[in-house]
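Each chain carries a letter (A, B and C) given by its place in the written order, and its residues are counted from 1.
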Amino acid sequence: MTAAPQSTRNAQSGAPALAVQGLSRAFGHVRALREVSFTLGRGEVLAVFGPNGAGKTTLLRILAGLLRPDAGSVALDGAPLVRGDAAQRRRLGLISHASLCYDGLTAAENLEFYGRLYELPDPRARAREALAGVALADRADTLTWSMSRGMLQRLAIARALLHEPDIVLLDEPFTGLDQHAAAGLREQLARLRSARRSVVLVTHNLEEGLDLATHVAIQVGGRFAHCAPRQGGVAEYRERYAHLTAGA
Amino acid sequence: MLRQAWLIAAKDLRLEFRSRTAFLSSLVFTALVLAIFNFARDPTVLSGTDLAPGILWITFCFAGLLGLNRAFALERENRTLDGLLLAPVDRSALYLGKAIANLVFVGTVEAVALPLFAIFFNVPLWPVLGPLLGIVALATVGFVAIGTLLSAIAVNTRFAELMLPVLMLPFLVPPITGAVQLTARVFAARPLAELSGWLRLLVAYDVVVVVAALLVFEYTLDE
Amino acid sequence: MTPIEQAQRALERSRILTLIALGLLGTVYVRAIWFTPVEAIQGPAQKIFYIHAPSAWSAFLAVVVVGLCSVLYLMLRDARIDRLAASSAEVGTVFTTAVLITGPIWGKPIWGAWWTWDARLTSTLFLWFILVGYLVLRSAVREPRQRARFAAVLGILGMLLVPFIHLSVKMFRTLHPQPVVMNPEGPTLPGQMLATLLFSFAVFTVLYAGLTWQRYAQSALEDARGDARAEGAR
């Protein structure tokens, strides 16, 4: 993986899973994202650290196709990301700190609904399977509004991975999770990595994201101040992070 | 696309049916408005049938306006709108699904309001029920079509409950005027020829609004 | 030239145009009051027509510009197009208000009442509501791109609504005196009056252009200053 512009690649097997080039986006006078570029291959996990307001969420929303960039491009397996493309949407999954689930529906109903939207075969079975995968099988008929934060996060994970996306985007997923739930999430992410999915994990918490990452980026003021394969431990990165965010 | 629209509408209706809050509130509100209208007129001077069409349609308007913001407001909780936009769902299907859910909601409120109206104002509905239902259907489609679209915009503003009526009321002039005129003529048992002008207006309005809404809806979504 | 300097120069120039238009407006008043004959049936009150009708024309121009800009913005996504739409809407509201004020002033001595729900004025009233709704929506959305998008959607819908309102109101009732200029048999105003009227139309067109340009330049200046401030803060 490199931070510099990628040379031309074959759009077939040679292309990286996710290729981002010169992405920029402003909101009014605020330049939330400034020429961010990177590539990500299969089985690679990019952890993006940065203080609040660094533009991390904006980056994820553009990758998810929810936001349009002012400049730059995003490519999935060499093909440019087109916001209306249903096939591309099936390959993307987003885990946000909001659950994206309906309070008034049960866990199973939420997953079945999304299963039908994604046109999965036998949505009901798939939903039960997904719930079992996040240890929520016994809560299948619980209404979402009555679930704890940890349970809700597990449901959100089940929802996001229901259609088995190739590229998983996570926005501050550890927020509000206790030890137990956080460990569960880490386990899920490790499983994704070994299943050769590509993951972009955005967080302001160095400890949580570092051990899973294969690549690390530090985003400050909309830019990638650092972007390279992971080398070294938490201490080194903490120092680097402090140094880069000192001026901001 | 229709399948997805129906999926979304069914989900909305299931949610609404479970909590019933918005629906029951709308019903109570409708009954209250009808009751208050009784004090707004002098029954010895004007017969019920003169004011009746106006009263009916203003009541429908108010009750409908309150219910329309529901559709997109519910997608703000837990950011479920993101969930819908991430899925391979056609944007028009999203609009259609919301519009259908709104149509069922408003239609059900109207179904309860109509008999209540007949009772409160002593208006004989049975002889004109067929044509009346047709007029109600026509006007409601236009009302819901434009209201669903405008509420997609309004829920993003700070005072959504106030913004929607401000934006929507000018758009209600053609359908409501038409509906009141047609209702009055139907009550007075006027021949079909007298209704044709207003009928054509309503139909044309409905067609234009639905087509425009389908085309323009995607621009109301975040980008 | 920096964007701020550009905007400042545009603002100065547009102010000149507006001043010229206002000057011409003054001559319209003079001509209308002293050099145009008094109409036989309606009396001196009729003279407000020379302000009333051209105001309606300017309002119409403004609305057409808003509608066109709305469509163009959604296609091209250029912030300048949105700025023009906003400026035109504000100026249009001013002219529509002028129509709604001059209408009753003209009508009171002739019809005996300030407001009679006559077809044209009622349509104009709803046009006013649409324009004000447009401005209210703009003020309620903070993020510029979202604001432009929402405004453009409303602009397009509003444009589609106008003919329907016109039809509904007309079918509901008609009281307005026969159109005296846009008449298939030819204008029914005698020479002098027609000349004053046409002159007034031209002046109001220039006035619309001047005011809209001025508002546009002012808005551009504000944006340029805001951008500079944001850059300086980094």
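Operating definition for what follows: a contact is a pair of C-beta atoms (placed from the backbone, for glycine too) under 8 Å apart; a residue touches a chain by one contact, two chains touch by 3 or more.
Fair warning: this is a prediction, and the values are worked out from it, not measured in the lab.
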Contacts common to chain B and chain C (chain labels): A
Most centrally placed chain, judged by C-alpha centres: B
Chain pair, A-C or A-B, that carries the greater number of C-beta contacts: A-B
Most remote chain, CA-based centroid, reference being chain C: A
CA centroid of chain B to CA centroid of chain C, Å: 32
Gap in Å, rounded to a whole number, between the CA centres of chain C and chain A: 50
Interchain centroid distance [CA atoms averaged], chain A/chain B, Å: 40
Where chain C touches two or more other chains, by residue: 145
Per-residue multi-chain contacts in chain B, two or more chains: 222-223
Contact footprint of chain C on chain A as seen in their complex: 27-30, 221
Chain C residues touching chain A - in the complex, by the definition given at the top: 142-145, 226-227, 229-230, 234
Chain C partner contacts - residues on chain B that touch it in the complex: 146, 149-150, 153, 156-159, 163, 166-167, 169-171, 173-174, 177-178, 181, 197-198, 201, 204-205, 208-209, 212, 216, 219-220, 222-223
Contact footprint of chain A on chain B as seen in their complex: 4, 7, 11, 14-15, 18-19, 74, 77-80, 82-89, 91, 222-223
Complex contact set, residues of chain C against chain B: 74, 126, 129-130, 133, 136-137, 140-141, 145-146, 149-150, 152-154, 156-158, 160-161, 164-165, 167-169, 171-172
